[in-house]
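Pasting the structures in now, so scroll down.
In what comes next, chain A is part of two complexes: it sits with chain B in the first one and with chain C in the second one.
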Partner chain A sequence: MSSALVAAPNSNLEGKDKVSRKKRFWFAIIAILPTFAIFGWVRMFPIAETLRLSLFEWNLLSRNKPFVGLENFRELFQDDQFLDAIINTAAIAFGAMAVTIPVSMVLAAVIYHRTRSRFAGFYETAVFIPHVVSLVPAAMAWKWVFDAKLGPLNRLIVAFGGEAQPWLFDPVLSVICIILLVSWQTLGYGVLIYLVGFRNLPKSVYEAARLDGANGVQSFFFMSVPLLKPITLYVSVVTLISGFNVYAQAFILASDTQGAPGRLVRVLVLDMLENSFQNFRVGYAAAEAVILLVIVLVLTGVQFGLLRQRGRK
Partner chain B sequence: MGKLNFIGRMSTIVCLSAGITVGGHVAANAEDIVIWGGFPELQGYYERVAESMKSTHPDLNVIVEPIGLRDHEKRVALALSSGLDETTVFELIGSTANRYIVNDLLPSAPANVAGFVNNAANFEPFFQEVAAVDGKVYGVPIFRGQGALFYNTDMFAAAGLDGPPKTMAEYTEYAKKLTQRDASGNPTVSGWSLRLSGGGGGIAEKFWINLHQFGGSLLEKAGDGYKASYANDAGLAALRQYVEAVSGDKTVTVEMPADAAAFQREQTAMFIRESWVIGDTAKKAPNLNYKTALLPRGSIALPVNLYVAGGSEKAQKAAWEFAIEANKPEHLIWMLDNVGWLPNRSGVDYSSVTTAKPQFSAFVDLPDDYAFFTLPSIEPINEILTRFAAKLTEAYADSSLVGNDAAMMAVLEESAAETNKILDRAGILGK
Partner chain C sequence: MTVSSNTRSRRKNLLLDMMLFVICVLLLLPLLLLIANGFKTPQEILVWPPTILPKDPTLENFQRVFSETPLFRWIFNSLSFALLSMIAIVITSTLAGYVVAKFQFWTINVIFTLFLATAIIPFEVYMIPLYFQVKALGALNSIGGLLIGYLVMSFGIFLIRQNVIATVPDELIEAARIDGAGEFWIFWHIVVPLLKGPIAALSVLAFFQAWTTFAWPIVVLTRKTAFTIEVGLANFQSAYTVDLALLSAASAAVMVPSVLVFVLLRRSFVEGIAASGMKE
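Entry: the complex of A and B
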């Protein structure tokens, strides 16, 4: 038998395999194409369009929309309101993260270690409800809680001998109010993710620690906290990004049909909306959106960097 | 067989599609008009107007959709810039509408409507001018916002005051006497409720009303354009009065309940507001003893007009007829009586309402030298007001400004520079 005769069936098989792989490849491409098309249309196109608009003096009503290069960005960094919005938004995002991470981790630990309780389901639901509840009525309820004259928070403070605070009017306290509201809403999500993390932690490590004499608190701080680092990174970035997108909370806490509703805490999204639809400066607002995008991208990059570092270790 | 089934299914789909298309076409032919307003309290008024058109327009379907003013302004901007399918009647303040008109986003009114508006028997020249641009009519005047002082007569009597303040100095003195305090000296009822917080340009607009009493104005005409005109003695006097009320005399605080709601709950003794408060108070605090008074020098007058855009020619015709119907005396008298906004139409006998509700006297019985001002019809007016409002909010809450005229003037100068920058960017900074 010549080598050519032996090789013939193999090359046939290879050829068929090649054709089959090619078919599979094109099937995969065709199958994924609609998803890519939708993603491109609803995600990538608006981002590209926002980048384009940021380079124009794009007035919503005017026919003349001249190219201005980076002028919008230059103006932004001299704009007190924008700088104020950046500072407030960053304070809210990092503040909410600082509250959410430890509180949700502790709550998840308590819920996880009390799963035998017949109220376990109730605890989980109670913590998660704020995350799914509609933002507007929730913010309205919090507005009442923070009310300087009628709010239960001030009544509680006064009952304990403290002094009533103008929660919604003081420049610092009004930001704290938004941090609390954002944290209250994101807490449920954080707890849920941490619970998944707790359930995936190896039990043997805890048993070994228990045999070595570690108590619950020591196990939590020296084992759970380091082992949950990837979860913490994930929750921190999700919280931070949602914090940077804060809008409705600031809007509702400062709005009212009449009178003295509260101090308007200027945040990035609110400033963007005001510039777009009240001042009609869509190009300028697009430049703000680009800066918000850069901030979010940098934060995501930092998260990936930290995760990779951990992977290498 | 399979082929027949396929043909049968396709025929069904084609017939259904045709049915939907025809149905849609029929629906589109119906006289549907949408009313977009920024004053939710007027819903009943527009529904009443729609009801009265039923006899002449049995097919007319009027959908009334009022929302809060700021959100209304946003939806109008979006709708007009991106196009409208349905014929819509817009309620817009004249100065706001101007920016759409100059950009050809609002059509002019047909000849019969223009004739109605330009008829001197129907409207005074001021309202005709606000409804037109370059002599061409675009809107139908409907009502106006105009300020006056509302004061609680029981509180005035308790403080030994037998009438309203007549000068701005008296406003401050009266506020001191009217403020009620707890044992620690903290105010529990404000002597004079001022707009001190919140978003939007309302804070600046209210400041402008007080500034007007001192003879000042936020903007002044300069050549073909405008320039900021509040970094001066009048501006300083107005700002000083606010700062001293909040941080000096503490006759009002930032966190105190304010505005009409506070007045109706007797949490403030007096405040300046538009006439709608009369209708609102009749509903919410019918037993409140109060009167109204003229402001020392004059008031803001913000005329609101009805504009039409979008949809078919037929529906647009019906929409313009709606705007004229809304100006019928019986509807206007109903609006004044039940809502409290001041109708703009002349030659209507409103005395049945103004006699029964004497609080309207400060809005209709005006001396000849009573000076009105209105917001100029310039595109960046909202931005100017909003940015100035942000500066004012900070200033009102800054106790270090009390007694420091130089610091207050610095705030005004910084704000005026920002205002002029906005005007310059819009190409309308006067020399």
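Entry: the complex of A and C
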């Protein structure tokens, strides 16, 4: 352990200094050890377990856990339920991103433009509230909005001469409903991050553009959009990753597991928990978790790759 | 600048304000209607167009919710879980963040980098093995079991580390050392007071993270009295799926206090979230 003491960049090695370095080192160790221990226990270990279990066939009820290699993964890609789940989840994640990015960017631009408005605080709060409200009550509000018979959405459509839609019963519409709910929730986050971005943009460039006769819309498209690209990238990846973890929204809006009316929209986390705790196939569920992990790593990798590419230019 | 262009830009701003106002109201409308529905009689709930202010407000739905579900118990469970998780995360993050910012030992830095790399891994990925760890401890259906998943937060350590680097000068710590102050004294009396802002932001973030979490409690908690408010509501809604007034009352009872808390703590919250976007 004491070999760790050698690493300091400090060249002054008087006796007294050595003692105080030693003291400092022990303080650092004692202060950080509990956190490191907890990290190892509740994060590193279960992550490693997920990877390990994905290679085993572990039926919760049986005692033996045979090693099956990549068999779980091979089976997953022939499992209709899993494929259904991954398609729905990807549709929700990319759909929510496609809604969130442009809407939150425009909203942030307008809110930033009206920073001096008397209502600026209200705008920020109102946009952000959907992001902090607990998922379950929020999803329940939207379940009512989408309700086929009593929901305001259908009544509004009918009032304007349209045709009522079976929002939560149709396989495509129910996914769209979840996309809307997820977007409504992530919008506030996107606006907030974009607002920080707008505040950090160089004012002089905009002033110059204005003097050259560019109007607000032009400077938005030709300056803000390209200048904010790193932020767009960041918000996209965050939205995608949280989209791939969608669960509560689907659980409330579109699950008939407890006999509630409505169609089940199978998502990745739901399928994983079902395999683990209802079908008792833990190894199989762990393989699904590994696939979720790979998706997240790929998305993050793409983000870093694109950022580095930009940096090189 | 001419008078006409001035009035034109003022008119444009007024238009933008109106537009933003309408959008904000629309975004909040589902929640407002949900709260309103909680106060309505079953008849009024069916009225079209829906009323924001109930004509004949009633508390009956709320009374029924509180008599038919252990709602207070669920709120208590959520509250204690969120507070304990907040305390644990603030303590671990502040200590660890300070150490990785100011103590340059390569052992610590290597481990820290390793842990920071796990920050992007979603909880759902390692939730199942963690469940078996909790089960082995016999901690299912308990606050302690819930807490095991929410004791540390990589982003919290990162946030404190960045703030220590930005706001705690080395000279200050050195001076205190020369005066003979102990390391822990320095941390508690010099570093922590300088970090009030970020600690507040982290507290609010950690509290709301635990308060709104769903997947983990639904796996760990199966006994009705151990439910958090989210899990309780989710089960309640599948049991009473047709009783809209009752469901709305239950949601409103949970939502209104947390939204009020958020509005009060908005500054800290926004600071914390905004910092999360600046990871580069």
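As a convention for this text, the second predicted complex is superposed on the first by the 267 of 313 C-alpha atoms of A that agree within 3 Å, B and C clash if a C-alpha of one lies under 4 Å from a C-alpha of the other, contacts with A are read in each partner's own complex, and residues count from 1 in each chain.
In this section, a residue touches a chain if its C-beta (ideal position, glycine included) is under 8 Å from a C-beta of that chain, and two chains touch if they have at least 3 such contacts.
The structure presented is a predicted model; accordingly, all values stated were derived computationally and were not measured.
Of the two partner chains, chain B is the only one that A:Leu61 touches; chain C does not reach it. By the touch criterion defined above, A:Phe277 lies against chain B and chain C together after alignment on the C-alpha atoms of chain A. In the superposition on chain A, contact is made by A:Phe251 with both chain B and chain C. Looking at the shared chain after the overlay, A:Lys18 reaches neither chain B nor chain C. Of the two partner chains placed by the overlay, only chain C lies in contact with A:Leu292; chain B stays clear of it. When chain B and chain C are set side by side, the one touching more residues of chain A is C.
In the superposed model, A:Phe169 makes contact with chain B only, not with chain C.
In the superposition on chain A, A:Ile129 contacts chain C only, with no contact to chain B.
With the contact threshold set out at the top, residues 251, 257-261, 273, 277 of chain A are in contact with chain B in one structure and with chain C in the other.
Per the touch definition, chain A reaches chain B in the complex via residues 60-63, 80-81, 148-149, 166, 168-169, 171, 251, 254-264, 266, 273-274, 277-281. Residues 68, 70, 73-74, 77-78, 80-81, 99-100, 103, 105, 193, 195-199, 253-262, 379-380, 382-383, 386-387, 390, 393, 397, 418 of chain B touch chain A in their complex. Listed in rising order, the residues of chain A touching chain C in the complex are 4-5, 7-9, 20, 23-25, 27-29, 31-32, 34-36, 38-39, 41-47, 49-50, 53, 107, 110-111, 113-114, 117, 119, 122-130, 132-138, 140-145, 150, 152, 155, 184, 187, 189, 192-193, 195-197, 230-231, 234-235, 241, 244-245, 247-248, 251-252, 257-261, 269, 272-273, 276-277, 282, 285-286, 289-290, 292-293, 296-297, 300, 307. Chain C makes touch with chain A in their complex at residues 13, 16-17, 19-21, 23-25, 27-28, 30-31, 33-34, 37, 45-46, 48-50, 92-93, 95-96, 98-100, 103-108, 111, 114-115, 118, 120-130, 132-133, 148-149, 151-152, 157, 177, 183-184, 187, 208, 211-212, 214-215, 218-219, 229-230, 233-235, 237-239, 241, 244, 247-248, 251-252, 254-255, 258-259, 262-263, 266, 269-270, 273-274, 277-280.
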